[in-house]
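Look for chain A in each of the two complexes below; its partner is chain B in the first and chain C in the second.
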Partner chain A sequence: MILLQRLEKVLLAVCIVVVVAVAVTPLAWMMLTSLKPSLIAVASPPQILFTPTLEHYIALFSGGDAGSTLGLAFVNSIVVTAVSMLLTIAIACPAAYALSRLRPAGTASLTVFIIGVRMLPPIVLVVPLFRFLQPLGLNDTYLALLVPYVGLSIPLAVWMLIGFFQNLPRELEEAAMIDGCGRLGAFWHVILPLAAPGMAATSIFTGLLAWNDLVFSLPLTTTRAVTMPVIAARMRVEEGVLWGQLGAVSTIMIVPVILLTFFVQRHIVSGIASGAVKG
Partner chain B sequence: MHSPTTFRPPTAAAGLQRLIPRSDRSLAYTLLAPAILTLLVILLVPLAYNLWLSTYQYNLLRPRQTAFTGLGNYIDILTNPAHLNALWITVAFTAFAVLAQTLIGTALALLLNIDFPGNHLVRTLVLMPMLISEVVAALSWRLIFHTEFGLLNALLGVVGIGPKVWLGEDLSFVSVLVVEIWQHTPFVMLIILAGLQTIPNELIEASRVDGASRWQRFRFVVLPLLVPIILLALVFRTMFTLRVFTPVWVLTSGGPADSTLVIGIDIYRTAFRYYDLGAAAALSIILLVVTLIITLAYMRLLRREALS
Partner chain C sequence: MAEVAIRNVRKSFGAIEVLHGVSVDIADGEFVVLVGPSGCGKSTLLRMVAGLEKITAGEVAIEGHPINDLPPKDRNIAMVFQNYALYPHMTVRENIGFPLRMAGTAPEEVARRVERAADTLGLKPLLDRHPRHLSGGQRQRVAMGRAIVRQPAAFLFDEPLSNLDAQLRAQMRTELKELLQTLGTTALYVTHDQVEAMTMADRVVVMRDGVIEQIGTPLDLYDRPVNTFVARFIGLPSMNLLPGIVLAESGTILIDDGTALPCPAATWLPMENIVFGFRSETLAIDDTEGIPARVAVIEPMGGQTQVLFKFGSRDIVGTFSARIAVKVGQQVRLRPDMTLAHFFDAASGRRLDGGPPQSALA
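This part shows the complex of A and B:
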């Protein structure tokens, strides 16, 4: 019996190691490649031992055509992500509050409408946006990206925030109102600070949508407003020399995400879960 | 902004009801207005334009020949083997991906629901694929799949299997599928894990006391309670896989020989390589309709499940 239990433990450990290895290896390998000298990056069979180098990162950012584009793309990605996060949260928070607390007539159908537009495949919007923005000279600008990002993030944000708002005890808000706060005052002074972790998790998810997107950035930007995913997707090179640089671009794109994930891990899980399970 | 009615002192429990005064209704609609308006302008206006565009013969290369064709674009698409092939590939891709994600995701959720040291770290690491950019995920896998210096062929070489061309015509569909499954299984796992945590412990304890084996506990206690949540994960994954674009674009761009040409890629190609905006709009509407039909079918199933 003890032997059986021990065997079970070993089996569990093996399963977990395999699962983690499969989940992490492709990313770790890419990051490792970014540190390999050019020749080793394309060695066959693949090398694990090597003297790490930052040459690819330096090459990426030290002038040259590719270098200046990457710097621009990096700034563009940050600006577009930050602005779309802020706009989304500013629009979604009041809506989620109204739907979860004030519940006016028609709440159910409004909720279905807001969340239902998530069913709309983003690529359906690409051609119309391209046609609308072109005559206005707005293709290849921040606006071309912000419009769809905010539009598509709102449903997700409202959905997650409703879950967070519903979890806050109603009594706190009522107490604040009895103490003389108006409805908006209670929302501002009581609800928002309490919901801050949830709002942070929501912002991260809406930010990821902008930071990672290729569906809009590929057709709607060309040079001035290109973002990191466009640059990475364009580096489709079979000559091994550039795999190191590709690794470097990829690493720059995922390191912030990995750091944030560890930072707000708990809230991410509860964020998705609360919306999903309470529906 | 302070409405005078909110200052009325509450009398009893009934007084609480009065704390939600009539003026709140207009406040509620005011708070909702920005979101609703944004969605109408940003999402529904383009959708309406798309619908309108799809009834026109409209090619940016031949603007003079623009003309109303009614359902012409739709008939062209549904009789054109290349587009039909794209539809078929999309449906097959979605079916395989969602099935695998559900099975693996459920297994992973059960595994990570076990309490073991380092559980939280493992959960975070397993979630990683779904949080990173689809572009980076696909690029990482290109490196793994590389015929000459890829990790996969090297590992297979160790066990004596010769190198394969993973992104060639024969294997490209499977390879892209693997990347899709790898990246989005964690989402299914996450939702099911959350569902598992809502199952009351007493229920499982009770069945244990009644002498149910581990498999019986899963089959007759846990699984029935999980079904609605698994269905929910299925709805989401189906919706999102039908519109797949990025991993396919980065891995194969729909090739070789159209072996991975999903609708998402087909729309992009029709619009921005052939500049046939009318046909691209019609393809978009077809994608939307397919998504709606499948989602609504699931919803009905979900509701029936909830009722029973």
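This part shows the complex of A and C:
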């Protein structure tokens, strides 16, 4: 019996190690690559021991084709991602709340429609969007990216948030309305704070879409509004791929994602909704 | 404090009408309990008074002003929900103070009144906790605190004690009654527990299937139920009801198996086919005359003993204050006190008035 339990624990540990290894290896590889001197970056078999160098980071920041725009791209990525997340939440929350509570006629088919939009392959939007933005002089601006990011995120966000709102007991907002709130007040004082985990989870999707996107940013931006993935794509030059610099760009891109994940995770797991009603 | 008038109120959900014209007048400071089986429309009626459901037809007035079209926040009522509906992201202090803050009360005044409400309810040590760290009884108290802190015109309660265990429920029942007596605020209280209704109410409203069956003080309902439904519903254990035939000439009632029970007033009962009811405590055990029955279950409760008798396929319940000496399986004769018996029309279930003198009850 005890032996069996031991075995179970060992097996569990092995599984965890495997999963972590699968998740971490590419990241570690990428970071190592960014620190390897160019010559041994592509050595085969891979060289584990080497003298780390910051040459790729220095090259990135000190000029070179892409280098001059790296700082700009980083700021652009942050801004576009943050604004996309905020806009999406600001629009999706009231919409989802209205759909979950007032249940206007046709809610069911509307929800299906919303998801249908989400299933559209993003690439089909690129050309129309390009043709639409060009005469307005909006190509290579933040707006060119915000429109597709927010537009594509809202459906999923609304759909996810409807679920969160529906899980909040109605009595909470009824209590708030009796305690002196209008419907908007109840939404603001009671529902929104309780939906925070839902909003956090939803934001991650929007954030990742905006942060990682290349489908829109590559054709729709050129210089002013370029984002990090565009810079990463430019590491493929005529002579081949600048593996070291690509590793460096990717490493820089990972940092905010890790920070965001930590920040948002706290909200998601806080389980604040427990204790609302007798559990 | 205010009087609440509910006048001929109807409610439909879609095509289905669930309240069929209900009228209750609640006097200033009165504690009225709505009681009835599940699904009879108690919560719906309460929620219409609160403003959480639209009133399909009829009128609700507080202090003489119709409030049909006022949103809940403008009705100056407080409500305690069955699941308490505490705001999970707020501490006890913030929960109790919420209605005051929403009314724009000055922070010092909010603090003062929250302290006072917490004091009344014994919540002082818990003020900085979140609801999820409270027991069921404590949550219940916080919900009460949130209601009393505002000094509303009326309190509405929807089964506020039903999530508590039996002992705590009995304790809270007493506390709540005491609290409301002190505050003297009008209250409308919904429950499906007739014990709560009997013990707490100034007046009880018995509902069934969207209509009011009877309104009266707890003892009114106990002593003079208007029909077999109320007779069965009010009182624990339920009233014993047996069908019978009135034999006017001999002044007796013939029940089921042909047993004749002498009935002092039966001569002027207007009906032949009746339902004859008697409370468990009016039953006496006799050796010679009365209803022949077999002792089925004996439930000693210390001060009282409750006995279930089988009379043919029917159950008869008796409660005896003395520790009676009967054994399970024993054949006995049961003699109800006919001066305290109730008579109902067998067809409609309605009380047959002009029955036995009720003065004996006083």
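As a convention for this text, the second predicted complex is superposed on the first by the 225 of 279 C-alpha atoms of A that agree within 3 Å, B and C clash if a C-alpha of one lies under 4 Å from a C-alpha of the other, contacts with A are read in each partner's own complex, and residues count from 1 in each chain.
The criterion applied here is as follows: a contact is a pair of C-beta atoms (placed from the backbone, for glycine too) under 8 Å apart; a residue touches a chain by one contact, two chains touch by 3 or more.
Quick caveat, the model's predicted, so the values are computed rather than measured.
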Practice problem: Once the structures are superposed on A, label A:169 by its partner contacts, choosing first (chain B), second (chain C), both or neither. | Solution: second
Quiz prompt | Residues of chain A touched, compared between chain B and chain C (which is higher) | solution = B
Quiz item: For A:99, is the partner it touches chain B (first), chain C (second), both, or none of the two (neither)?
Solution: first
Exercise. Would you check which partner chain A:185 touches, where first means chain B only, second means chain C only, and both and neither mean what they say?
Key: both
Quiz item: Regarding the shared-chain residue A:61, is it in contact with chain B (first), chain C (second), both, or neither?
Solution: neither
Quiz item: Touch check for A:194: first (chain B), second (chain C), both, or neither?
Solution: second
Practice problem: Figure out whether A:128 sits in contact with chain B (first) or chain C (second), or with both, or with neither. | Solution: first
Practice problem: Scan A:110 for contacts with chain B and chain C and give back first, second, both or neither. | Solution: first
Quiz item: Which partner does A:50 reach: the first (chain B), the second (chain C), both, or neither?
Solution: neither
Quiz item: So, A:177: does it touch chain B (first), chain C (second), both, or neither?
Solution: both
Practice problem: Find the residues of chain A that appear in the contact set with chain B and again in the contact set with chain C. | Solution: 174, 177-178, 180-182, 185, 272-274, 276-277, 279
Quiz item: If you look only at chain C, which of its residues touch chain A in the complex?
Solution: 50-52, 71-73, 75, 77-79, 81, 83-89, 98-99, 102-103, 130-134, 136, 139, 146, 150, 163
Self-check item: Touch list for chain B against partner chain A, complex
Solution: 1-3, 6-7, 9-10, 16, 19-20, 24-25, 27-29, 31-32, 34-36, 38-39, 42-47, 49-50, 53, 108, 111, 114, 116, 120, 122-129, 131-137, 139-141, 143-144, 148-151, 154, 157, 182, 186-187, 190-191, 193-195, 197-198, 229, 232-233, 239, 242-243, 245-246, 249-250, 264, 267-268, 271-272, 277, 280-281, 284-285, 287-288, 291-292, 295
Quiz prompt | chain A residues touching chain C - in the complex, by the definition given at the top | solution = 169, 171-172, 174-182, 185, 189-190, 193-194, 272-279
Quiz item: Which part of chain A faces chain B closely enough to touch in the complex?
Solution: 12, 15-16, 19-20, 22-27, 29-30, 33, 41-46, 91-92, 94-95, 97-99, 102-105, 110, 113-114, 117-132, 147-148, 150-152, 154-155, 158, 174, 177-178, 180-185, 208, 211-212, 214-215, 218-219, 228-229, 232-233, 236, 240, 243, 246-247, 250, 253-254, 257-258, 261-262, 265, 268-269, 272-274, 276-277, 279
